[in-house]
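Chain lettering (A, B, C and D) follows the sequence in which the chains are written, and residue indices restart at 1 in each chain.
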Amino acid sequence: MSEGYTPRELMVVAAGREIHDLEVVFVGMRLPLLGFGLAKATHAPGAIGLFENGVIRDRPAEAFIYTMGDPPNIAGAVACVRLLDVMSLLQQGRVDVGFLGGAEIDPMGNLNTTKTMPGGQLVRLPGSGGAGDIASLAGRTVLIMDHEPRRFKEHVAYITSPGHHADRRRGGPATLITTLGVFDLRQGRFRVNSLHPGVTAAAVRAATAFEVELDDSVETTTPPSAEELAYIRHADPEGFWTGDPVRNG
Amino acid sequence: MSEGYTPRELMVVAAGREIHDLEVVFVGMRLPLLGFGLAKATHAPGAIGLFENGVIRDRPAEAFIYTMGDPPNIAGAVACVRLLDVMSLLQQGRVDVGFLGGAEIDPMGNLNTTKTMPGGQLVRLPGSGGAGDIASLAGRTVLIMDHEPRRFKEHVAYITSPGHHADRRRGGPATLITTLGVFDLRQGRFRVNSLHPGVTAAAVRAATAFEVELDDSVETTTPPSAEELAYIRHADPEGFWTGDPVRNG
Amino acid sequence: MNGKRRGLHEAIAENVRDGDAVALGLALESGIPFAAVHEIIRQRKKDLSLIGPISDMAFDQLIGAGTAGRVIAAWVGNVAGGSGYAFRRAVERGIPRAIEVEDHSNFTVGLALKAAAMGLPYLPTFTGIGGDIVKDHPRVRPVTDPFGGPSLLAVGALRPDVAIVHVQRADEDGNAHLWGNLGLVVEAAYSARRIILTCEEIVPRDVIRSDPNRTQIPGFLVNAVVEEPGGALPASVQGYWRRDFAPFLDYHRRSSTVGGFQAWLQEWVLDLPDRGAYLQRLGQPALARLRVREERLAAPANFAP
Amino acid sequence: MNGKRRGLHEAIAENVRDGDAVALGLALESGIPFAAVHEIIRQRKKDLSLIGPISDMAFDQLIGAGTAGRVIAAWVGNVAGGSGYAFRRAVERGIPRAIEVEDHSNFTVGLALKAAAMGLPYLPTFTGIGGDIVKDHPRVRPVTDPFGGPSLLAVGALRPDVAIVHVQRADEDGNAHLWGNLGLVVEAAYSARRIILTCEEIVPRDVIRSDPNRTQIPGFLVNAVVEEPGGALPASVQGYWRRDFAPFLDYHRRSSTVGGFQAWLQEWVLDLPDRGAYLQRLGQPALARLRVREERLAAPANFAP
């Protein structure tokens, strides 16, 4: 690791570690997509990736893709089915884990990607896409967020993707991976699993508008191995998603 | 028509005449299948045929088929979709006309293909297949039956394919084609349209356990033209469906 | 044993248990997994619930052999001949055993499977209203339209323990290319707890991946993949086998008596160890006549990125 | 005019009316019918309801141009850049006009179309429970499970007046071969009152009939067939066109102000008479880079009977 690694590379590695072998994964784009490829290349060779456009893959796309609909994500897929077919599998409970992001998060893991009201002024965001479905129906979800005070709020302005709630039949947020650490959200609690190298408890508290269960015995996120970094840099050679002006490690 | 024609050939011709150009037809097998091909070849070149296994055709199969799943019915189809896709089109109201047969019929056009009780003894028949769906959901239905007293009953033993009833949202039996004549079943009445050449009103009454609206002014079913017969004998060269020991005309 | 490749004996032994709900014959008249049907009979499975739209003579054979306690279907008979005699004997006279029949139309049995495939307790429909199939039906209940329209029927979900599907080709992970009739194959595959795939050919993974839209069953749903060429005969398999009409008529004729059925069963199922023996008994001339040798290839579709 | 073949101008003029509910972008990021989108803008259609799962920048352009009064979608933005600025201006500030937004998830908008495709008033689902999308939603109501299970949500049917779909090839009757991403294409096509098909190539009927399983839209549902090669650019079309990433970023950047949007619209839509002019403006080097020349053909599938 002579060159170090970026925070986003570390997040990709953390995302990949959330995927177990043979699991069915609702993948999404950006960091989770790389995490899926990384998991496939290392500890989870039997994982299956589902995309909401209907693509089912058992290996990552051969070339870099900007969207899940890009031709390299179709070529070599094991199946291209209807959106409602993959949503049906999701609703059935056949998807083990799904990845989600958001503009805002609250302590129950509710995510907002619909609209915010900074200073009372409406800011309209794109909306749910498939996120609300994955949040509702996957066996568990892994959330990925930039860790900033304006995003980590006691109450989100709008629940696009429901977190833990009384009527939940399965799943819910299991893990949250941020630019600062990895958090355990199971059972509606918000606990630290690990902080990234160099991140202090004070930094997490400063960036989080609500209480975090956190003490000094917290572990440090295991940095990417050389093999993991090699995979990521092969898959995202120009650092389109993982590049970052600040390099750690 | 030096060779005359069989009753079933006449029934095929009558079935074909029920299909209008550009209509979407839920075809079925045997006589209606031939009637569909005949209509396509003559007055209804733009008709579209749907089969419950998901096959959609804009021209008849190139070779004789015993079942709708036979390979010649797939080769050259315009689409092979899921059974539920064609049933969805049917439920939407996109199917203009469907053909049905049965072991028993009553004056409301209810059909039984499930079980009869001759002499109090249960006789189990194969069941609905798609017939109950076509009966429920097509824009109108055309029924095809052998005209025998044991089949034309005041009450059928079991309503597999519903005819006219109070809760009907669309469609229902429009025409009944039998070995004796063509009947108009619209609005839940049972009226004669035409009797086949040589068939008397008395013969119809004798073969029908319920009242038929029928007077002496009744028309005679127009016999097959040479062109129509030529088509039928091309499509069913061995008389598998249309052959009959008794030839009329 | 690792992987999903199995022999048919093993695939049935591992995945079909007494009392299971077994869906098959899902593409209607084509691709009926007769090899698997006969293996189920040879393994003397009991108390099966048979699920399918129209089963052609497959269900009749399973019923006549005493494997079934229940049928959930829209049509049970012999498409070539009409009535299924073994089905009739079981329903009318309890021979070789009484069976329950849950009558359906093709649409309602499809909706029942689709509901399970969608992870739903039911799907609504307008089909069947005014008829007897949906009356006092254990899987049909009235529902209102929450938007104020006319009332509907709810068809309850039906989840097979195992679906058995015959396809043209699959890879060893169970990703299956199927073309021609689809029927209820996808719905049954998505809803079943386990899937046994029989196929004409096991092909390299890249053959499947060359055309992901041809994959009707993704492999991660599949438990066993069996290479069983001719495994659907006498039913047709598009591009591989024509329908063999004579065995349907022969079975229809012979199965009209209990003795005739038993003789047929002995000759074509019980005395034969496997599908290879069945094909051998059918004979080379028949196979040559049934095998499709012509080519009418699908127009090329380019998947290059 | 007889037949279904049309030029794009004519197809839009005949089939898209002010106030219509228009579904497009149904395969998600690929095959977005941008040529049709731009023609709708040139024809200054008004008060459209836009229906789609994620629309990428197509809806943003239609909204910015003032054609839309309502959006029924799961996601409106620019997949490359995130927010859709025209969408934001319309929602936040009523520029160029206020629009209503009916928020969905991909699943609920799919179920709404599917309900219409199935001829049903609604379909039940468990998705969205516990979130705000389904709260006080005009198309979502609670329903109970008539079999006694947990309560569900009913998603009401959504029937587009017209669906616009870009496919690889179609015959002149509108039978359409589509491969790669399917998304909600089938559901929208089955549910829409009218369909406009744009395609890379119109092919002889026998090309379509050579592979009936590739036909995702049967022609009898289709009203207009337009041969419009490159009609989805800058979106990708599997086997024909790569995604052109730069225009998405360029649009994203320029549309951040009203003036920038107008300049973009003038340059890429209003000043161009048709798609041919668009492609010309894109230039031969760009087209050469985007056009797929490699071949990775689907493995042969034999349909011989």
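As a working rule, contacts are C-beta pairs under 8 Å (C-beta built on N, C-alpha and C of every residue); 3 or more make two chains touch, one makes a residue touch a chain.
Values in this document were obtained by computation on a predicted structure and should not be read as measured data.
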| item | value |
| --- | --- |
| Intersection of contact partners for subunit B and subunit C | D |
| Touch-network distance, subunit A to subunit D, counted in steps | 1 |
| Centroid comparison with subunit C (C-alpha atoms), farthest chain | A |
| Whole-Å gap between the CA centroids of subunit A and subunit B | 58 |
| Rounded Å distance, subunit C centre to subunit D centre (Cα mean) | 37 |
| Subunit A and subunit C: spacing of chain centres that average the CA atoms, whole Å | 40 |
| Residue numbers of subunit A (touch at least two other chains) | 55, 70-71, 74-75, 80-81, 84, 90-91, 137 |
| Shared-contact residues (touching 2 or more other chains) in subunit D | 119-120, 125-126, 179-180, 182, 186, 208, 213, 238-239, 242, 292, 296, 303-305 |
| In contact (per the touch rule at the top): chain pairs | A-C, A-D, B-C, B-D, C-D |
| Residue numbers on subunit D that touch subunit C, as the complex places them | 119-126, 141-143, 145-147, 149, 152, 154, 156, 168, 177, 179-180, 182, 203, 207-208, 210-211, 213-214, 238-240, 242, 292, 294-305 |
| Of all residues in subunit C, those that touch subunit A in their complex | 116-120, 173, 175, 186, 190-191, 205-206, 208-209, 212-213, 215, 218-221, 303-305 |
| Contacting residues of subunit A [partner subunit C, same complex] | 24, 48, 55-56, 58, 62-63, 70-72, 74-81, 84-85, 88-94, 137 |
| Subunit A contact footprint on subunit D (complex, rising order) | 27-30, 53-54, 56, 73-77, 79-80, 82-84, 87-88, 91-92, 101, 103-108, 110-111, 114, 125-133, 150, 179-187, 235-236, 238-239, 242-243, 245, 292, 296 |
| Contact set on subunit A toward subunit D in their complex | 52-55, 66-71, 74-75, 80-84, 87, 90-91, 110, 114, 121-133, 135-137, 158-163, 165, 167-169 |
